[in-house]
Every structure is written in structure tokens, then in C-alpha cells.
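Here it is: the structure, laid out below.
For clarity, chains are labelled A, B, C and D in written order, and residue numbers in each chain start from 1.
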Amino acid sequence: MKLVYFAWLRERLGVNEEMVDLPDDVQTIADLFGWLKQREEPYADVFEASDIIQVAIGKQHVLDRSTNIAGADEIALFPPMTGG
Amino acid sequence: MKLVYFAWLRERLGVNEEMVDLPDDVQTIADLFGWLKQREEPYADVFEASDIIQVAIGKQHVLDRSTNIAGADEIALFPPMTGG
Amino acid sequence: MPEPRVLIQEEDFDIAAETKLLTGENKNIGAVVTFTGLCRDEDNRLSALELEHYPGMAEGEITRIAQEAITRFDLNGITAVHRYGKINPGENIVLVVAAARHRQAAFDGANFLMDFLKTRAPFWKKEHPRDGSTGDWVSAKDADDDALSKWLSE
Amino acid sequence: MPEPRVLIQEEDFDIAAETKLLTGENKNIGAVVTFTGLCRDEDNRLSALELEHYPGMAEGEITRIAQEAITRFDLNGITAVHRYGKINPGENIVLVVAAARHRQAAFDGANFLMDFLKTRAPFWKKEHPRDGSTGDWVSAKDADDDALSKWLSE
């Protein structure tokens, strides 16, 4: 699965995107945040305050953290948007 | 005193503007409408429904019909405005 | 406080030029809203609108309302151009340009001025039907009075 | 139903050209509202803004919201152009043009789309201060969420 990062997430993680192999028990967005948080620094630090981090699955904004991510090709993680 | 007319008032009266000598007892806008109403046709007819006719004294829109008109140089009479 | 730019004219206006004139080199403007009112043919019924106005009063009233918009919404500036004379379908009738630091002020400033123009600017529109019949004067709409009342009750 | 025109681009846009493209020869359009968002220098503090975006998602989200604006306000058409990359103070960031028969629909359509763009379009702004220091990412504003909620509660 491809994870893509934007804005200060991208800067603080030092990566634009990466391919990850998720364990079988990572089923939902909430699970994904849990998994990211237990990775080495800077992940643990960046995802500590995960409730403000926004998620898009397949380029669709998803708010419900219980949404299943199985089969997603691309998941994007980013701060609240500041368009316009 | 100069009276000026616009839109369908102008058309139905057949005058753009006219100088009038008002009797001494015509003191307010309401008095002016009363005086116009008792003039020969088409005045009587045009000013019959005088409550929708709008008034400007010295190019200022005036709503209060008890406003004194003494000393006014120019009074305009017109239908509700349809600008924009 | 900025002074509004108010033009009452027969000729057409240039939205881009008026916008540039309003914003100039001011780099603290974050939002510009333009409103353009155009002559509709009402599903091909009209060949033109004729706009009559009260010279002097038109400039005065629009300037007064535009000044109120600047104060009320803390605008960086506002421009209003209102045409008179015979105007064909598809042609411009009125332009309002409002500039502000933030977007809602620019929207509100332009909307406020337009709502007032509809019922307080001394212009009257006469229809010229395509079939050559004598046209009617456009009636004032209750909806326009209602639009105005939203600003008065605030 | 008209399709929105949505452009995500690095280069500047031409408001007059976009407006002309939107209204075309349609003589039943009575009102056109344009909103232009510009880069402020925040009282000379900033030398530029850097806009990052999520390609693909940006087009998709803005198109979806623009379609909703057309339906909700019965618009004749709507255009949105959002720039990315480095933008200097005084330069354009975003354009919305909405066309409708009547003025309030055009105002509401443009206002609605802008309110959604602020919090739902995947763009992020980074400040470049004039003093050469490392700039911050612009924070989302509660006021922008509030602006959005006015459309959701209707």
C-alpha cells in the first residue's frame, strides 16, 4: 500500500510517499494511526497528535476513523487543508 | 418650485419637469399629493394611487409624508426604483 | 478611509480595468469580489432594456451607500458603475467591485451595495419587446425589498 | 446541467477571459459574480506563499463541490481556478466565477464554493517570511469551519 504525505507531515517525516506492508490486524484508519505511532521516530512523534491529521483513501477525504482501508492503493495523510 | 417626473409618471403626465406655484396651505409631501390629485387630468388619475409614488427633495429620497417641503427647489416624483 | 469610486455612464465598463484601479499596488488585499449585472432577453422576449435615471441623485445615493459599505465591512475599497440608456441583451448594466483583507467582507460589501442599488438607486427600466409592442416599465419586486431588509435588521 | 470548469495550475489566470468563456452567448444570464483570492504580504512580513496540493484529489474535490453549487443554486455555470507553487504578494491564488439568472444565486454559488475550498480542497500554504527565517505552514482557521457550517445547517 502506498502512503503519501503532505505539508508539515511530509517535511517532518522527510518522505513524500512510501510503500508499506501493513500487518493483517491493521484494518481501519484508526488501526493505521496506531501502527504509524509505534514506528521509529519521527513517526511516533508526528502521529502522536493524530486526531488533527486528515486522511484520504483513493483521493477521497474520509472522516470516519473506523473506515476499512483494506484494498486501498493509496492513502494520503495531511494536516487540515488551507485552500482558497 | 420645480417638479420633475420619471419613468411612467413622466410618460403618463407627458412632462419631464415643470415649474409650479403652490398654494400657501401646501406644506408637506402629503399636501403636495393632495394638490396634484385635484389638478386636471391626467394628474388626478396618475396621483390617485399616490402611496406607491416615491419622493426626493433636493435629490434626497424622503419617505415620511409629513416632511415639510417649504423652500425646496426641486421635488422629484417617481415610481419605486428598479436599479441594479 | 477609502473613498468609493462611483460612475454613472452610458458607455460600457471594463471589469478588469476597474478591478486593477481599485486594488492598485495594495498588497494587503486578500479578496476581490466583482458583481456584474447583465441585460437578459427573458427567453428571447426582449430586444433591449431602456434605463432612465435621475442625474445627480443617482451619484449621490450610490456614493452614500458605498461609503456605508466601506465602513460596515471594513473594505479596502469599492467601485460602482451603473449604465443608463438603451442596453441590449447580453450587455452589462451594473458593476460592483469590492476589495477587502478577507473573503466574507468582500462578498458582503458587494452584496450589500447591490441590494441597496436595486431599491434605492434612482434608475427605472423599461422593456423593449422583440415583437415591437410598447414595453412595460419593470415593476419593483417584493423580493428586492426582502433582500434589503436582511441588512437593516442586523 | 452545466459542467463546472475546474483548473489546477501553476500559472496565473485571466478573470475576463474566464468570465467570457463561462457566459458565452447565453443571454439569459443576469448576474456574474467573480471572487479572486490574492496573496497578502501581511503588512510586509511575507515575501511569498508556497502552495502545495494533492494532484488528482484537488481536481476531484473542487469539481464535486462545484457540481453541488450548480445544483443547489441553479447556476448557469461555475468556474474554479486554483494555483499552486510559489506565489508573491499581490498575485492571484484562486478564482471562482459563478453565473446565474439572478444576483443572489450568483453570490451564493461563489460564496459556497469558496467556503468549501478553504477547508475541503487539498491545498496547504507555507509562509516565506521576508526576514529569511523558515516559514510556518498556515494553520486552518476555526472561522473557516464556521463559514462552512452555515451551508451545512441550511
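Everything that follows uses one rule, which is that a residue touches a chain if its C-beta (ideal position, glycine included) is under 8 Å from a C-beta of that chain, and two chains touch if they have at least 3 such contacts.
Just so it is clear, the structure is predicted and the values come from calculations on it, not from any experiment.
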item: Intersection of the contact lists for chain B and chain C; value: none
item: Distance from chain D to chain C - Cα centre to Cα centre, in angstrom; value: 23
item: Distance between the centres, which are taken as Cα means, of chain D and chain B, whole angstrom; value: 48
item: Separation of mean Cα positions, chain D and chain A [Å, integer]; value: 26
item: Shared interface positions of chain B, touching two or more other chains; value: 84
item: Sites on chain C at which at least two other chains make contact; value: 37, 103, 114
item: Chains touching one another, given as label pairs in label order; value: A-D, B-C, C-D
item: Complex contacts: residues of chain C adjacent to chain B; value: 37, 52, 54, 56-57, 60-61, 82, 93-94, 114, 117-126, 137-140
item: Interfacial residue positions of chain B with respect to chain C in the complex; value: 4, 6-8, 10, 56, 59-61, 76, 78-84
item: Touch list for chain C against partner chain D, complex; value: 15-16, 19, 23, 25-44, 89-90, 101, 103-104, 106-107, 110-111, 114, 147
